[in-house]
Each structure stands twice: as C-alpha cells, then as structure tokens.
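Just passing along the structure, written as structure tokens.
Labels A, B and C are assigned to the chains in the order they are written; within every chain, residues are numbered from 1.
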Amino acid sequence: MSEAILQVKGLKKSFNGVEVLHSVDFAAKAGEVTALVGENGAGKSTLMKILMGEYTADGGEVLLDGKQVQFANPHQALMSGISMIFQEMSPFPELTVAENMYIGREPHAGCFLKKKEQRQMAERRLAELGIDLDISKKVKSLTVSQIQLLEIAKAVSYDSRVVIMDEPTSSLTDSEVNLLFQTIHTLKEKNVAVIYISHKLDELFQIADHVCVLRDGQIISSRPIQEVDRNVMISEMVGRNLDQIYPSVEKEIGEVVFQAEHLTSKGVFSDVSFSLRKGEILGFAGMVGAGRTQVAEAIFGVEKYQEGTLKLNGRTIRNRNVREAIEGGFAMIPEDRARCGLNLGGSIRTNMCATVLDRIGKVHGLLANRAKEQELTGQMSEQMHIKMNGQEEQAAFLSGGNQQKIVVGKWLLTKPEIVIMDEPTRGIDVGAKYEIYQLIKQLAKEGKAIILISSEMPELLGMCDRILVMKDGRIVGELSSQEASQEKIMAAIVNH
Amino acid sequence: MKKMLAILLTAGLVAGLTACSSGGSYDDAAATSDTAQTTEEAAADETAEAATDETADGASLGKLLFLQTHNDNSFMAYMGEMFVETAQAAGYEVDHLTADSDEATQLSQIEQGIASGQYVGIVCDCTGEGVTQGFKEAQEAGIVVITMHEGVQDNTNVDCVVACSLADTGYEAIRLEVEELGENFNLAIVNGSEGHGATVAIREGYDRALEEFTGINVVFDGAGNWNAEEAMALTETWFSSGEQIDGIVCMNDGMATGVRQVMRDNGVLGTIPIYSNDCEENTLDAIEAGEQRGSFDMNAQAQCDAAVDAMTKLLNGETLEEKEIYVEPILVTIDNLEEYRASREGTY
Amino acid sequence: MEQANRKKHRELVSKLGIVFVLLGLIVLWSFLSDAFFTTNNLLLIIKQATLYGILAIGMTFVLVTGGIDLSVGSIVALAAVFSAHYCSGDYLELPIIIPILVAVVIGLACGAVNGIGVAFCGIPPFIMTMCMMLAARGAAYVYTNAKAIFNLNADFVNIANGFLGRTFDDQGLVDNYGIPYMVFYFVIAMAIGMVLLHCTTYGRKIFALGGNKDAARYSGINTRLIEFSVYVISGLCAGICGFLMASRVSSGNANAADGYEMTVISACVIGGVSLSGGVGSMYGTMIGVLIVGVISNGMDILGINTYFQEILQAVIIFAAVYIDVHVNRKRK
C-alpha cells in the first residue's frame, strides 16, 4: 500500500541560466493521492513536464518502480504508465467518446477499424471506473466535467499507474467535483498513484492523502494530510503569513446606480431583476450553466437580450454593444481569460491599452499615442504589481496571475463605475488571488459598484455584501452577507 | 541544429542560383557588358565559339533578347529552340525568356532588357497589346524591335512584323470541311481560352468562312481552354446531346487529341472530318492513321529565318522592302505527311 | 537589464533578418551580372514591384486580422477593363480622373461586398473572397466579351508609364532615364500604409482583432466594422492597381493580373506577416515585395528560364519563411 511507484530525487532544471527547480525530492505512492500545491511559477508545471518527458532535467533522477527512467517525449511516458490530464484539455470535439478514448490506437484488423470492439472496450473501461457516459455521443456535446471524466478514463485505459491531474476542478461545479472525487477514489482502489495539483485548498482536505508544498523550485514541506494545518500551508506557499484570505476594508454602500428589470433572453435566462449600489459587491452564485455569465454579457452588450430594461442612475440605457457599455461606465473581466480577455500574442502594452485606444489617441482619437500608452501601462503595471520584463513582453509568457492582472488593469484604465467580474480568480495562485481580492475591496471603497460571479462559494461568502443565487436562468434567492452560508446557497439551488 | 539547417538551406539556394545562371542559359551575362560595342570581347568568349561555328570570322553581331508568350506546348517550345539556333547560326547571342502568358510580365522583361543595356535588338512573340509601351521605350533607347508570330495592332514602334496568319488557318480549316461535306452541314467549334490572342485570331478566320458559307449550321461552339481534358469534357456533352455533328474544327492539337478520344468512344473517329493547328507528333500519327484530316503548322522555321534576316538588315542600316512579312502556314494532310516529317527530321 | 538588452538585440536581428535576405540577393545578383546594380535597373525593380506592392498593402491589413483576400487579382482585372473602357473609344476625350474614379469605385464596391460577406454574414474569408475572385473575373470577361480594349487616352497611359525628368537627345534617343512615376506611387502608398497600420488607433485595433477577436470585442472594439473595413481597403488597393494596370499595359484585358493574389500573399509572408493573424508589419511587407521583385528581375537579367524561376522562387520563399520561423522566432 505504501510503495512509492514514482520517485524523484534531486531534480534540477534551469532555463537561460535561471534555475527553476533546485534539487527537488518528491514521491508518489500507489493507492494514494499526493497533492502538489504552490503558487504559479513555483515550478509545478516544470516538474510535471519533466515527468512527462517534455523537458529534460539538468540533474537528478526519476525512478519508476525503483528503476531510473528518462522519457524523450510524452508518448514514451504514456507507454510507461504515466499519464497527465491537462488544465486545458484538447479532445477532438467532432469525434465520439469512444473514438476519443482510443484515438491513435484504435483496435483494427489490417486497415479496417473494429468499431464494435472499440465501443465495447470503451464501455468496459467506463463501467470499471463507474463513469456514466454515453460512448456514442460526440465530445462537443459533453460538459466540461464529462470531458474531464473522459480524459481520466482515457488515461486509465493506457493502464497508467501514475495519473497526474493539473487543476482538474477549476471549471467544475460542486456536484461535478463530487463526481470527479468518486472517480479518484476508484483510481485509488485500483492502486493507481494520483498526483493532484490544485489551488483550491479546501479540496485537498477532502481528497488528498499527502500534501507537498512547492515554492520557488523547492519542496518546502511534505506531510500526511492529517498533519496539515491550513494556515501554515498557505504561509508556506506564499512565503509569508496571511492574516486572512479575504481582506476586510471599511467601506460605505451608497445609493442605487444600476438596475436590471425583467431582463430576458429567450432560452438563456428570464425575468432577471436586481439593483446594485455604489460601493456594493454583489455576488452571483449558481452552477455552471445557470445563466450568470449570459446575464453579465447581456448587460455588457456582448450578447443580445429581448426584453427588460437597464437603468443607470435612474436613466434607461440600452447597451446594444460593448462600446455603449464602456461609455456608460461599465467594465467586464470575462470568464475565459485566454479566449475573451487577452490577445496572448500581443504585448503587455497593446493588451493594456486595447480598451482606451480612442480615448488616448491624438487628433480626435485617430493617431495612436504611443507615449501615453507607455505611460498608462507603466502606471497600471506598478499599481497592479505585474511582474514582467518590460512592456513589450508577450502576454502569453506571463503567469496566469499576471495575465489576470493585465485584464483587470486594462479595464481599470477606462475608469469604470460598474465592474463586472466573471470568475476573476480562476486558475491563479493564492498570492495573486489575495491581491485581486484586495483590489476588489479597494474599488468598492472608492465607490464603484461590483458584480462578482464565482463558482467558489467561500470566495463569494468572503467578499460579497449580498449574494444572488441563479438557477436555470432565473434568480432563485437573495442572501445578505450576514445570513449567507454555503448551506443556504445550496438550499436555494436545490429547492427550486 | 536549426541554425545549421538554415545555413545549409541558404547555401543550397545560392549554389542552385549560381548553377542555373551559368549552366541554364545561353551565355554568361556577366562577362559581356554594355551596348553594341562588345564584339571584340565577345569573340573571345567561350560561349560564342560553342554557339556559332558557321559564321566565318566567329565574331558576334551582338546580343538579342528573344521573348516568348509561353513555351508550354511543343510548337512553342520548338519555335523557341528554332529561333535560338537560327540566330546563333547567323552570329548573334541570344537571351530567351518566356512570360507565362502574362502581359505585365512581358512588359517587365522588355524594360529590364532595355535597362540592362546589353541588347541590340528585341524579337518578341507578343502576349498582348500592352507591350507596345515597352517597344516605345526600346526604340527610344535605340534598340531594334521585331515582333514574331504573335504581333500587336499598333505597330508604330515596331521596326518589322513577322507573322504567319492564324486567321488564314481558321478560314482554311472550314473551307476544307466545306470541300469534303458540301455547303450544308452541322459544324462544331472548339475554341482556345477566351480572350487569348491566338483564339481571337483563329476565330477571325472561322467567322470569315462562316460569313462566306452561309449553309453551315454551327451546332456547338465552346472553349476547350487549349487543353485536352477540357475539350474532352466539352465534346462528350455535345455527343451525348444527340445532335448531329458532321464536322469539327479545333484551335490546337492538344484539344484535338481530347476530341478524337471522344470521337473514338462514339464510334465516329475518322468519319467526321477534323482540322486543328500545330502539327504535334501525335496529331501527325492520327493523320497517318486516318483519324484526323489535317493540321496547320505555323511554319516556325520560315518565321525565324525571316525575323533573323530582317534583324540583320535593320542593324546594318538597310531598309526593308516590306515592314510586314507574312509567312504561309503549312497544311499537313495524309498527302504531304512523309515529306513534312522528312523536313523535320524528327526534331519534334 | 542585461537580459533586456540581449532581448532587444535579438528583436532587432529578427526585424532586420529579412533585410539581410534582400541585401544578400542584391549582392548575389550584382556579382552575377553587371547589368543588375545600376540606378536604372534598381528604379525599374521598384517600378515593377509597384502593382504587387499596392496590392500587398491591402493584403497586409487583411492578413493581420487573420483573414485572406483571394480576389485581388480578379478585382484588378475588372477595374482595369472598366477604366480602360472609360478612356478609350467614345470616351477617349473624358478627363482621365473619370476612369481612375471608376476603377477606385469598382475596387471599393468589390471590397465592400467581401467585407459584408465576411464581417456581417459570417462567411469564412477564404470562401467569400474566392467567390469574389470568380465573380469579378467572370464579370470582366462578360464586360469585354473576352476582347482586350485598346487605344487608350495618352494621358491615361502616361500615369503609369511616365518618367520624371526624362530627356531625349536630338536623335530622339533617351538621354536621361529619369524616375518612373510608379516609383513615387510605391513610396507614397507604402508611407500611407505604414502610418495607417502602425501609427493610428485604427491600426492598433486591427492588431487587437487579429490577435484575439473575442478579446477585442470585449474591449469595446467594433470588430465587425474593423473586419469589414480591411476588405474595403484591400478592394481599394486592387481598384487603384486596376487603373495602374490598364495604364501600364495601355489596354484593358480581362485576363490581367491572373494569379497575382498568390504572389502578393507570398510577398507578405516573406515579410513576416502571419497567416493566422495578429502579426506583421508594413515595413516587412515592403521588404517582402522588393525581395519578390529583385528575384524575378535578377533572374530575367540572367536569362533564367521562367519555369526555373518558379522553382527558385519556391525555394527562396521556403527558405525565407523557414529562417523566420526557426531562427528568428526562437522562444524561451
């Protein structure tokens, strides 16, 4: 039971002369979930990429079943029994579940596919893991969590003995997370070693057997879950003591600035009404697919709505497109940073100034004002503590936290009055999270009205003055910060 | 590793270019320079001795720029070789370029020729009217301009026109059909690419004949775009329509090859008379086998001879008797096939 | 600090890399032929590159948004036959601004149709502009009935064929070559293109759109309007090339500029414009166009057969892009 399948000893790796892993020791035992936590940039991905054969280590050794191994590419790793489920998964949307599972190694006779056998094999695998999936469905029609389960089944079908999961729950709702955890338990029973990377500390207490904290390329601590203290772990991760995760800031809630009345978009959401006050942080709770993002997009002019009115300071507004919304003082930090928030190929400067090009342009906004762009980018990077090698660095090379800070920064440049944040802390490390929380509170203190959409209930409970609960496109509950609790939010969702 | 590959690529590239420029063409452009006064140096040039053994003193008369619309088919390729041979035999050096049927490309080639200052004369098989602009510049730079084969309408800046009338071949083809089929019959016409110079010219001949022989009923009239596949697709449709076809004229041999295939499939090969242009090898075989009546040769040899002859006269300051020299096309039928083949000696 | 310097240095090399290719070719040709490196020939190269250059300016805008415009060659032909029509025959005496305007309007209209199709109807750019490519070429054939239009107004012909400061001696031979007007058009068009793409907020928005369309939309950029506009610009460039083409070859021909789109796209690609959008510069495009011009001019001067030229062109394009992708764009 406590046999270490995978062992890493004294692993070293540097890029361009900068050492990112300093002699890392690490082990994963069969039938256990070993959690690996740490801020982004701590070296987790590099470590995993070495295990998967994408990078070659500069020193140290990797032992699989006590024998030294070195993989030249991920395929070799996979064939030796190590598989990884990535943060950003890339299945083939047009193929079915079964086809995805056996892609590249389809059972065949000569040049003909044995489709029936493939289906049977897929079905057997899914049954073994207790995963309920229709194998003939196309992957594009699956939910994110279903795809994740599929990926796990695929990993297991390689007879993997080590399964690495990178942030598996970042886009799952609570019930989906439970489903995933059940599957992980099945893996444990099958004596698979699971390496679990996560930012969500609460999960670790539910699922992990052993926790390793990685910081600045070194293992800071490694202990069984029973001996882990939450606050100690956090301070180990960030290298400093956090008094508390959610900052408390004295602020005043003023008069109503924005109202949505009976907002309806057919088949997406209906009869959504709420009001928002100056200095208020209004939370939106609910499952993925409850229509929260769609309401936010409708308010921001990205998507259309058929009925209902929007009022800004008592005046009716339309927000037919994003420009109108920006002019009205709205800003939105979108859910999917890579898809909607950033031009990853562009520089920090061009990303930062994308929202204010016309405003800062010379000659009626026609000529680009490079000097002003540089000035504003400089100011904002300083204010947001963005770590970078100059303003012309490509956004793609920054960590998730720093990317998110650019997205927030580019919206603060528009000097908004109403800020909509859709999952602003998804996939970023604890330190950056804390900074974003502080920033949200600070904005509220300055009198901005904030809408915060989040799937992390502790985040909503810790940050919001008021929480609206949405289900199936409707608002099904409203809770003040005093009365709100995870149980009450869940109850509102379940009872409607 | 990647750097190595990049360097290798670049090296290969340079080597390729150098090889092409020295081995690929007729002489070493870098060696001879400037204008017409290079005769002395050129005499010592090794390329000159390789090219010309007939000229008595072995001296080069200067360098000609020979421009062709394209040399995509065997006739044009033959004419290209023929001209280079003829001109070299007469003591010229020749640079030979083709324009890929693009007017602007040919114009550029003329301009470059002028700018390089190394040519005494330009012989041009014209892509279109646009090149006249280049001829104007050439004359302003003191270069003799002769059009050969395909000419232009505006000949103000042309010193001599050598051509074999395509229109005449078109007229002749239909007249021969009338001779065989009588005044009243159903005719199908396979044209070249629309708008192409040769298409327009041959069409002029067809139209002239159709005006004269009013009894002819043109049942089909379509563009085979100079190639066998498209001509095949076209005629297949015609034959499957059930309409009676008594005779076919076709603007080139390539298309005729396709048409004959369709005729074979329909069991009418040899019974329906068909004429085309170019006298390509397989068409000659078809004529021998009785599958095709005849094909017209634009008489490349005579055109090249006339053009080189005119060039020499003009460079010597003589005046030509006729500014426009027309060469008779050769009609090849079963009757003169052997003779024609012998005259070609299997050159193409 | 040192790292930042090294990075700057690397960026500079990658920016200049393509210039080295151009200079390398010029040195190579000069070495192989005396006739190459003369003022007249160098001016001629620019003159001959002008049509491609103007098309490439419009194409760069389209490519940076992540689109493609296959229709430019056909639009040139359509604009050329119309402008030729309006300065010949019955219209010979019309002021030459009329045929110019006709060509420009046709270019704009075709570009606008492309833009509407791509930006507002959601048709993939490849398909939309391919349809336009067929339609415009067909329309040009229909309009001319496949016959070339000749005998254009002399002033009109002079637009593309004139020279500044050309003098003749007493025998009517050229004394002073002068500078072709086309060279000025090239320089002016490139300057306008550079300013528009790199110095305006409009240009910034094009890059933002090409980098990430959704993010651009979320940033309040009117992505549809911008996407529409780049096709209009490309159409406009094609329209301008249309009358220049008619003027240059002093005729309107429905088969003009056949296949130019591919040459233009390859010039842009050589210049570092990415086909997936968001990356590129007008400066690079200009160098790319000149490289294409120098390649064909040099090979013509050396008397290399046209078909060989095509093979060599392929090799050079491959090499230029390979070097760009694998040497210059090395990442962390």
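Everything that follows uses one rule, which is that contacts are C-beta pairs under 8 Å (C-beta built on N, C-alpha and C of every residue); 3 or more make two chains touch, one makes a residue touch a chain.
Everything numeric here is computed off the predicted structure, so don't read it as measured data.
Peer 1: Looking at every pair of chains, which has the largest contact count?
Peer 2: Among the chain pairs, B-C has the highest number of C-beta contacts.
Peer 1: Using mean Cα positions, find the chain sitting nearest the overall protein centre.
Peer 2: That would be C.
Peer 1: At what distance in angstrom does the C-alpha mean of subunit C lie from that of subunit A?
Peer 2: That gives a centre separation of 44 Å.
Peer 1: Please compute the C-alpha centroid of subunit B, do the same for subunit C, then give the distance between them in whole Å.
Peer 2: 31
Peer 1: With centres defined as the mean C-alpha position, give me the subunit A-subunit B separation in Å.
Peer 2: Computed value for the inter-centroid distance: 69 Å.
Peer 1: Touching two or more other chains, which residues of subunit B qualify?
Peer 2: Nothing qualifies.
Peer 1: Which of the residues in subunit C end up touching subunit B in this complex?
Peer 2: Residues in contact with subunit B: 28, 31-36, 38, 40-41, 44, 47-48, 51, 141, 144, 146-148, 150-151, 157, 161, 168, 172-174, 245, 248-251, 253-259, 296-297, 299-308, 312, 315-316, 318-319, 322-323, 326-327, 330.
Peer 1: Report the residues of subunit B in contact with subunit C in the complex, numbered from low to high.
Peer 2: Residue list for subunit B touching subunit C: 2-3, 5-6, 9-10, 12-14, 16-18, 20-21, 24-27, 29-30, 33, 95-104, 107-109, 111-112, 115-118, 128-133, 137, 140-142, 153-154, 193-196, 199-200.
Peer 1: Per the contact definition, I'd like the list of subunit A residues that touch subunit C in the complex.
Peer 2: Contact set of subunit A toward subunit C: 15-16, 300, 302, 321-323, 325-326, 332, 334, 339-346, 350-351, 353-355, 357-358, 361, 365-368, 389-390, 397, 410, 414.
Peer 1: In the complex formed with subunit A, which residues of subunit C make contact?
Peer 2: Residues in contact with subunit A: 3-4, 7, 198-205, 207-208, 211-212, 214-222, 278-279, 331-332.
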